[in-house]
Amino acid sequence: MQLWLIPLFPFAGFLVNGFFGRRMSKLAVSLVACGSVLLSFLWVLKTIAALGAPEAAYLEHYYSWIQSGALNIGVDFAVDRLTEVMLLVVTGVGFLIHIYAVGYMAHEGGYYRFFAYFNLFMFFMLILVLGANFLLLFVGWEGVGLCSYLLIGFYFLEKFATDAGNKAFIVNRIGDFGFSLAVFLIALHFGSLDFGRVFSLVKDMPVEARPGWITAICLLLLVGAAGKSAQIPLYVWLPDAMAGPTPVSALIHAATMVTAGVYMITRSAQLYLHSPFALNIVAIIGVATAFLAASIGLVQNDIKKVFAYSTVSQLGYMFLALGCGAFSAGIFHLMTHAFFKALLFLGAGSVIHALSGEQDLRNMGGLAKKIPITCATLFCAGVAIAGVPPFSGFHSKDAILGAAFEYSPWMYWLGVVTAFMTAFYVFRALFLCFFGSYRGHHHPHESPLVMWAPLAVLAALSLGGGYINVPKFLEPMFPLAAESGDDWTVYVSVAAGLGGIALAYLFYVAAPSVPEALAGSLHGLYRLIYNKYFVDELYEEVVVRPVVDGSRTLLWRGADASLIDGAVNGIGRLARGIGGILKFAQNGYIRDYAGWVVLGSIAVVIYMAFHGGAR
Amino acid sequence: MPPLPAVIHGPAPLSWYLILSAVLFALGAAGFLFRRNIITVFMSIELMLNAVNLSFIAFSYKLGRNDGHIFSFFVMVVAAAEAAVGLAIILTVFKNRQTLEIDEVSSLKN
Amino acid sequence: MNFLILSLIKAAVVAFVLMTTLAYLQWIERKVIAHIQLRVGPRRVGPHGLLQPLADVIKLLTKEDLLPSHVNKVFYFLAPFIAVFFALIAISVIPFGTEVNLGPVHTAMQLTDLNIGVLFILGLSGMGVYGVALAGWASNNKYALLGGLRSSAQMISYELPMALAIAAPLLMLNTLSFRQLVEAQSGYYLGFIPRWTIFQGPVPQLVSFILFGIAAFAETNRVPFDLPEAENELVAGFHTEYSSMKFAAFFMAEYANMVTVSCVATLLFLGGWQPLWPAQYGSNFLPTAMFLAGAALCFYHGFHPARSFDRITLPAAGVVFLGIAVVFLIPPVAAVLLPLFWFAAKVGFILFVYIWVRGTLPRFRYDQLMRFAWTFMFPVAVANLFLTGLAVALS
Amino acid sequence: MDSILFLIFAAIAVGCGLNLVLQTHPISSALSLVGVMGSLAVLYLLLGGEFIAMAQLIVYAGAIMVLFIFVIMLLNAGGERRGRKRLWAPWAGAPMVAAIIGIGAYLIQRAAPRTAEVTFGAFQHGNPSDIGTNLFENYVLPFEITSILILIAIVGAIVLARKEIE
């Protein structure tokens, strides 16, 4: 089947663009970049056509990487139904976004650099998805983290961009630390890292056997997932990550990379099923994140920030689904979210492009006539995310909320409120952007074909994508949760979505004066939310400052300067002393040195002759 | 030792190969010690490498596995790299000092 | 012992044929070059100068063998022998045709079928340098030294692309024995496209064939790569100081190398003795037809002679041709001769290209030569090898 | 038959090795080294190492030694002059070498089993396909590393040789 070809194509593209891109024409660069991703997309299609819907994972072993004692880690790729869904989402959406980026980045510097990083990201993402053991997963995990860092700091001349990149990288380090600990624990307890082996071992355990270390593994994995997928408490990096170019936000920070955590937890579902406590934590974190982020999103004025918080909140939804044990629902929402959130970001990018760099909602408005296509596609995404039936968001969100209701009603209600807020802030952004009168001073222009064609495709997907019945497809892996008998839950969530839209319409189209009044009356709450609950400041005080001070005083002055330097200098002095003695043997004649060597060898041979092993 | 004709006609003992390799190695060492021309010294190093290769091959014959062949293959590769760099160094030395006398290149002293 | 006798006989035959070929190759070269330059070429000695090679040999044998006083005697004597030795020994692994069974004798038309024949040839071509380099050094003459230097550098440089070009078809055919190589190239696509390596899938090796050809020119010090013996720069290059038989030795070595390389090219890329189109389309009758045509031509010119003695010689030649044409129709003999014919035809074609190029192309400049080797041929060869490997791995 | 061949080529090898050490002119030493390598190649063949024998011819005799001869010719270096330096190594050299040979031979004779004999064709794993299989299955990493080494060597050689002396 040559699965290795799937990640190989983007990697080749990365090599070509990375090494020769500087000398290649922009056309050539974009052809290489998009072509390579298209090739791997086609190869994915071929693979899936060949495999169909495999009952068991189809595995390919390439090279045994690490062999130490019983532990034997190989470089092997595996494809099962979950992987197929992920592959399709990653390569498909990735390809669309690549095409979009050709138009969006057309006037930017470092064109080839951007696409080299982009391809590299695709490579690592595919490794992450295809890898058949935790170590390969971890390799891809770190790789996408690196690419995300590189791309957030793409405009490395601006300070805020590099700061955002560093923030993302450091926050992710925390998560990755948890993940690596989890991997060590798994290797320790199962003696293997292969998914197949580990999960079969877990499966064989009786369900009531719930050793603490499984919970530990699950929680550590959760830390990693929370870092990568921007969950509480590690979500702070994602909003800042919007400093990168918009296609990056769409591909990495909305569609694919940030969902890696969801994928990872789903992948290790067997482990979680043996630790209800960890599942519960996942659900709580998910719902809390969903609610918090949505509430922050209500008042942001930067269009990309709004969508960023929306991403965090939607990821919260997915975690809620996982926590409720509805893994397939989580993956379902992952897919639909990939569609409409990528669309939202690309649309936002197209708006920004039209306003040549303007991101503040307060300077937009009335763009509906100026950039109709973007407007239309964005509204498609809006209805999709707001969960308006029969569009994609409705199906997945309904699946999640249904599962949540089965799991615990209050989570369901929180989810409903979140759905309401989601609909509200998305449409707030859309109305502010497209309705009313233009408040900016640029001259908006519709985006070129290469940019709106992907928008159109994604719009179609986010409208109709809900009919791809992922839960049914994944049923052999994750049995469906029992359908909740009473379907009033569905009506409630739909009503919440519609209500949100209506309220947004009321506030920002019908009676634009109301929001200010409201913000004035609820001033304290408004400031609290507007400043994102002062979480960043909190972290600054509680985490960053002590670390910095501690390392400055204790580590640097104390340990480094006195201890380590002292030791090093001491060793140096010792060596100089010995050398002073030995230097008399150094007469600078190579042949004499050779003589010493021969003498030594003779000594060895004689030793061998009399007490050596040569008998 | 069996009588001579049998020795001549029969197969050669493995130890002969090993002894030959020892002799060649010693010759290489001797060349290193006696010759003063850098290139010749270099070549005696190659001679030693060859001797070692011979014993590799002989032993892998004894063990019935071809790992020894692979080792000597690597030895050849390394020797090639070494020859490239070493000869380049010799060229530079000659450019600098117009001599190949190894004893006159003794700036390591002090 | 039977094997020993057989091998001795075969060696004798091969040696005789090879020597005559070498001698006449030189005559052919002079003729072809002459016609390219609108001259007549040798025609005094024998009809159309056919006895010229004999005369040359006699001349070279009887010339005085000068021994310059300033040469390094040992290597001066050794060099030509080394050159000839490595040039001639290479022919021993070249198969000329399929097995022959004449009555009790069953043998391959080949001195020995090494299972590492290709490597053997590569090794010998690498050793061939010593003759030239030593000759250049031992002559103790600046032109000769320059010639030797150039040839050693040039041969090292062109070994690489040559080896890489050879590696690609080996990758596809997956053997190192020439006989199996040729057998792996038998058969036809669609019944008429021969499955030679230059046509065979997954990657037709046309590129590496061309690369190999170029590198072969350089390895044999032929125009346009004949810098080691560039007349107008270095009197006669490495064999400036050589005369009479030693000179002849170098000459022979050069031609023997040409023949060997042509044979290798034929075996690796042109399908050895596999006919150009399958037998059912009558490829077996091609030689007969050719010789018949030749005979007809001879008779025609014989009866309208340009010179008086053509009246005798040409019909005689015609009769000979007729005889050969008939011989090619006798089944048991034809079974032996047809492969030989095809092999000889391909080798002859390549040799003709050698001569043709010499008559056409100017000589490289030294830096051009090196840059060409390292910045063009080497990358192309590597890329071709990589592609072939990928294709073989995927198919 | 084997031992005849062995004795012949061992004799050639030792003779050439002696010549390498004794000749004062580098090019004679180089040629005798080529002789050693050639005879060693034949011995490899006797030991069943077809591929390694050919590699010996191609790589060592065909490329490395040609490089040596090329450099010798390029520098046109003459024979050695009398050394003025007083070193202890050359004087102690002869006994040391004798010691190596003696002790080595003694060890080998004692260690190597009398029965172990070399017959041509008894060792079957020396053909290119087996070597390649083993090389690319068990020794991939060393192989790649040597390729890196070669690359470094090329770069280093170029850098060194290009350096202009002013």
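Should a chain be cited, it is by its letter among A, B, C and D, assigned in written order, with residues numbered from 1 in that chain.
As a working rule, a residue touches a chain if its C-beta (ideal position, glycine included) is under 8 Å from a C-beta of that chain, and two chains touch if they have at least 3 such contacts.
What you see is a predicted model; the values in this text were computed from it and never measured.
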Mind listing the chains that sit against chain A and also against chain D? B
To reach chain C from chain A by way of touching chains, what is the minimum number of steps? 2
Have a look at A-B versus B-D and report the one with more C-beta pairs in contact. B-D
How many Å are there between the centre of chain B and the centre of chain D, using C-alpha atoms for each centre? 4
Length of the line joining the C-alpha centres of chain A and chain B, rounded to whole Å: 57
Approximate Å spacing (C-alpha centroids) for the pair chain C, chain D: 32
Nearest whole angstrom, what separates the Cα centre of chain B from the Cα centre of chain C? 37
Which chain D residues reach two or more other chains? 51, 55, 63, 67, 74, 85, 87, 89-90, 93, 96-97, 100, 104
Name the residues of chain A that each touch 2 or more other chains. 589, 591, 594-595, 598
Per-residue multi-chain contacts in chain B, two or more chains: 29, 33, 36, 103
If two chains touch, include that pair; go through all of them. A-B, A-D, B-D, C-D
Taking the complex as given, what residues does chain B use to touch chain D? 7-20, 22-31, 33-37, 39-40, 42-44, 46-47, 50, 53-54, 57-58, 60-62, 64-67, 69-70, 72-74, 76-85, 87-92, 94-96, 100-101, 103
What residues of chain D sit close enough to touch chain A in their complex? 85, 87-90, 92-93, 96-97, 99-100, 103-104, 106-107, 110-111, 140
Under the stated contact criterion, what part of chain D meets chain C in this complex? 27, 31, 34, 50-51, 54-55, 57-58, 61-63, 66-67, 69-70, 73-74, 76, 127-128
Counting only contacts in the complex, chain A reaches chain D at residues 63, 589, 591-592, 594-595, 598-599, 601-602, 605-606, 608-609, 612, 614-615
Quick check on the complex: what are the chain D residues that touch chain B? 1-4, 6-7, 10, 13-14, 17-18, 20-21, 24, 26, 29-30, 33, 36-37, 40, 43-44, 46-49, 51-52, 55-56, 59-60, 63-64, 67-68, 71-72, 74-75, 77, 80-81, 83-85, 87, 89-90, 93-94, 96-98, 100-101, 104-105, 108-109, 112-114, 116-119, 122-123, 125-126, 130-131, 134-135, 138-139, 142, 146, 149-150, 152-154, 156-158, 160-161, 163, 165
